[in-house]
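Paired with chain B in one complex and with chain C in the other, chain A is shared by the two complexes that follow.
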Partner chain A sequence: MAALLARWRSSPWAGSLRTAALSCALLAILVVLPPFLSLYWLRLLTSVLMLAVIAQGMNAMAGFVGYPAFGNVVFFGMGAYGAALAMTAGFGVAPALLIGAVPAAVLALAVGPLLLRLRGHYFAIATLGLNEVVSALAANLSGFTGGAAGLSLPLGAGTASDAAYRAYSGFVALFAASLALGIFLRDSRFGYGCRAIRANEEAAEATGVATLRVKSIAWMLSALLTAAAGGLYARWVGFIEPSQVFDMSISVKAFVMFLLGGAGTVFGPLIGSLLIESATTLAWSHLLKFHLLILGVTIMLVVLMLPDGAQGFVARHWPAVRAWLRHRS
Partner chain B sequence: MLLDVQDVSVQFGGLRALNGVSFGVQEGEIVGLVGPNGAGKSTMVNAVSGALGRHRGRITFASRDISGLTPSRIAEMGLVRTFQLVQPFRGLTAIECVTLGALYGSGTDRPSGVPAARRLAEQVLAFAGLSAVAGLACDTLNASQRRRLEIARALAARPKLILLDECLSGLNSSEVDQGITLVRAIRERGIAILIIEHMVRVMATLADRIVVLDRGEKIADGPADEVLTDRRALGIYFGTTA
Partner chain C sequence: MQLVAQIVLNGVLLGGFYACMALGFSIVWGVMNVVNLAYGSMIMIGAYVTQMAVLQLGLPFAAALPLAALATFTMGYVLQRALLNRLAERSVFMTLIFTFGLNMALINLNLILFSADVRSLPDVFGRASFTIAGLSVPYGRATIFAVAMAMTLGLHALLNWTPLGNAIKATSFDPDAARLSGIDVPHVYALTFAIGGAIAGVTGALVATSYSFSPVAGESYTMKAFVVVVLGGLGSIPGAIIGGMLLGIVENLASLFLDSGYRDAVGFTLLLLVLVLRPRGLMGRRFFAEVKG
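== the complex of A and B ==
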């Protein structure tokens, strides 16, 4: 038994398997949870999962590859519009999500090789510009998108609580995909390439990582995930308009969340999303006027005091805690 | 000829960093590239490894023209470099750095999958005497360990030719000896080496052939013992007029 355990610990896949097991346990909890939740908590959890997915999309680029894709909300908006238009035209949910996500992925692949030559703030600003362009198109192609007046989706069958359950289960599935993406980016050959780019792009290129291609593909994966979240969001709320689905504050939130949870980690986005959404909900209900102030202060505190996020903070202090526990027992 | 540099010139604005330099490296050979600061040694390494992008002249590697290829393409063909200023992969452990080399790097004998790459990385770390620090973050290693890690990363990339850009500078005497032993062991694996180094001792013990650059021009090229006794070359090398 001990030998087996030792072999398992030294296996190169031990980390991946452990994370996968933890993910499955988490997903199992999420699957059995709904009957115990009121509609209010179910909706809150749905939005936590949605933001965790968007934050994972941000984490894929900004956390793992080190490129702050601040304008990633553009893919959320594209996914929402693509899926909404497809559903209005009579497509089912799964094909509609695909119709929303594929153009977003194509856009990332098309502009990636150009924008990904910029680094740091310059790249962040370029992605902001991309979002402005696409959202202006959505607002002005009114014959196609309904323009600034927005777009209503066909109502699904059943009661409001049916719709809430549907949205919840959709986001649980997407959340599972986002965890799989996190494990892939952490442990695969491709993931090694991404992390090497974040650590030192010049040395990564010299080691044989085709940096421009790896960055573009990573951004495409990020776009797919974010766009799928946009599509599910459109179906969930039933009405979308450009100012709402191309809203930069979605990106800002996602950015704070993955930073708070732990950049370049698998569960960081979920941890960040849980922390921020509960904090925001509390702030909304008690301090309506100050909730943005609180969000801003949180951002500053995280950047100053938790540069490697909550998960990194725990990982850093875990050995000391374990030693203390051993000492006590 | 494994690496064949023909008439390479590089111009930075008004400065001609390299002026029509030609030389070659045979399979299994150790060639030393020496010259005073500003002679164009690093420019040559950057041109050969693809980091420079544009240059004049022709560079072929394993009989294929590599001028204008990206560094990653060139590394994939089996020409891998180390950096003069060690470039640690911040946030990666030593074994992860070397695994990266194994996963990417040369296209021949590439390990299939992360576990195989990791096993290769363990072997290479042992070869470089770094097994004890495999799990440490690579930016916490000391200067000598970093230099050896840089070489280990390049070795795990299974190169045919390795460019060692001042891989022993900043080390003390016994660390330099360790480095010399390591470079010899690399050659015994059949890997050709182009080494840039300031220390005459290193060149005298390691290099089969020495190429001397000065102000962008090649001024000597021959067997190590001949070049190292050439008064003119040595004079330039030490910055004195002989």
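== the complex of A and C ==
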């Protein structure tokens, strides 16, 4: 019996189940929380969840596979436009999200095999170029997308607070999916393939990982998640324009968030987005003029001081803190 | 035919300017493997320094240009020495994110110092033009082209015929071997970033004479520098000239057939094509362009 228990503990399933249980507890809290929150805090929490989802999409590529998909915001924009156009045409929310997400996933699968041969800066720049091209198309095909002037969505039924609750519950559902993706990438056979690529791509190839296929599929999953977030965002704000949904700083924020929370972890994106989003919201409300400056300096400090994320920082300094505490008592 | 020739000529003149601008970006990337996303903001700082020197101090443009270069040279040295050298051993996307944050901070500082107004410095070179073989060349564009080409040749001379140039090249090939042979690597890194900064300052001074600028206008210059460097190949001066002229000509030709909103997208389409078909660029040399992570 004891031997069986020990074997169970050391199997990867035990880790997955523990993380899944933690995720369910977290989601349960998120589900019961809204009645206790004012609309302001609900909106803040919604944007924290949205950025956690986008950061998980970035984490899937940059954290787990080691490819800095800097221009991932292209999928956010495509998802937002696809869903917005579908909703304007009278589709319901779920089919509209699908209509937004599928082209994004197809794009990732189509250009993945070409761009994922590049590494480092070159891959990062290629994704950036992709975003510029798609966003220029969105801005100039004005007959189709409304052009640079933007696109208004039909209003949903109910009051403003109904809309806020709807947006919140949509993002809670998507956040659940993002945690599932994180667990999948951490514990599955496919995820081991991803991490092998991150550690040493040539060695992974030599041991039989179909690297190009694994990278392309990982990018497609990242695109699906990011595009779904874009679709929900379009519905939430009711008006989108190219400069806003294809904004590179969304990608960069997502990047900094998962770095801060811990690259290649399941909950890292949420931790990072909680920290950064509350910091920037404080900056917005009190120091509007210095908002970009504060965000920029925060990013620089995170990179300089916390390269292994907040979790890594705590792990590094915890022994010293504990020794100091013991010394005091 | 006359129209196409005029467009190609305009493209070449613009391309000379692009080539010079991209070199400041290229040298930093090639030597330190740092993609400086704040490059455009440094160009804008050069433009603001030039404008203030001309309008408020009453200096002639010829004196304002070195002043702008000096300002961004100093800024580049301090940035690399104090901050970026600490990131030298980290992975490439750490520096990418870092310079993005720096760019945000610089844009915000420029907004506070100079407001969001779009500015320009009109009539430095007048509006007249001369004609060659039936094609018109504005004096302003010709002067920008000449200054840009002089900078490019100057950089070529610096890198190939001076001890500092040798130190920079040695460091970019192998920092450890350079350290062992007595080169002060952090200092050389800082000087390289400073030279890149000085080129940004000169580019900014040139921008101020014939284009309008604002704190957020820098990003489009960073993007163009990207495109030129990838087109021509990292660390190659002839490559930057070819890449710059190619971009200049293609942009001008595209404005004939496409809506002006596609101007930047055309450059990026070219960039994606080159990355997929010939990732080392048209003229890139292997050792400079080696991808380190």
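Here, the second predicted complex is superposed on the first by the 305 of 329 C-alpha atoms of A that agree within 3 Å, B and C clash if a C-alpha of one lies under 4 Å from a C-alpha of the other, contacts with A are read in each partner's own complex, and residues count from 1 in each chain.
The criterion applied here is as follows: contacts are C-beta pairs under 8 Å (C-beta built on N, C-alpha and C of every residue); 3 or more make two chains touch, one makes a residue touch a chain.
Here the structure is a predicted model, which means the values were calculated and not measured.
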- Task: Report for A:130: first if it touches chain B alone, second if chain C alone, otherwise both or neither.
- Result: second
- Message: Tell me the contact category for A:295 with respect to chain B and chain C: first, second, both or neither.
- Response: second
- Message: Under the stated touch criterion, which partner chain does A:188 make contact with: chain B (first), chain C (second), both, or neither?
- Response: first
- Counting only touches as set out at the top, which of chain B and chain C does A:196 meet: first, second, both, neither? first
- Note on the structure: Per residue count on chain A, the busier partner among chain B and chain C is C
- Task: For A:85, decide between first (touching chain B), second (touching chain C), both and neither.
- Result: neither
- Task: Name the contact category of A:114: first (chain B only), second (chain C only), both, or neither.
- Result: second
- Which parts of chain A are in contact with chain B and also with chain C? none
- chain C contacts chain A in the complex at 29, 33, 35, 83, 86-87, 90, 92-98, 100-109, 111-112, 223, 226, 230, 259, 261-262, 264-265, 268-269, 271-272, 275-276, 279, 291-293
- Task: Note which residues of chain A are touching chain C in the complex, please.
- Result: 62, 68, 70, 114-115, 117-122, 124-126, 128-130, 132-133, 136-137, 139-140, 148, 249, 252, 255-256, 259, 289-293, 295-300, 303-304, 307
- Message: Could you list, by residue number, the parts of chain B that touch chain A in their complex?
- Response: 49, 51, 70-73, 75-76, 80-81, 83, 87-92, 96, 99-101, 103-106, 113-115, 117-119, 153-154, 157
- Query: Mind pulling up the chain A residues that touch chain B in the complex?
  - Reply: 11-13, 187-189, 192-193, 195-196, 198-200, 202-211, 264
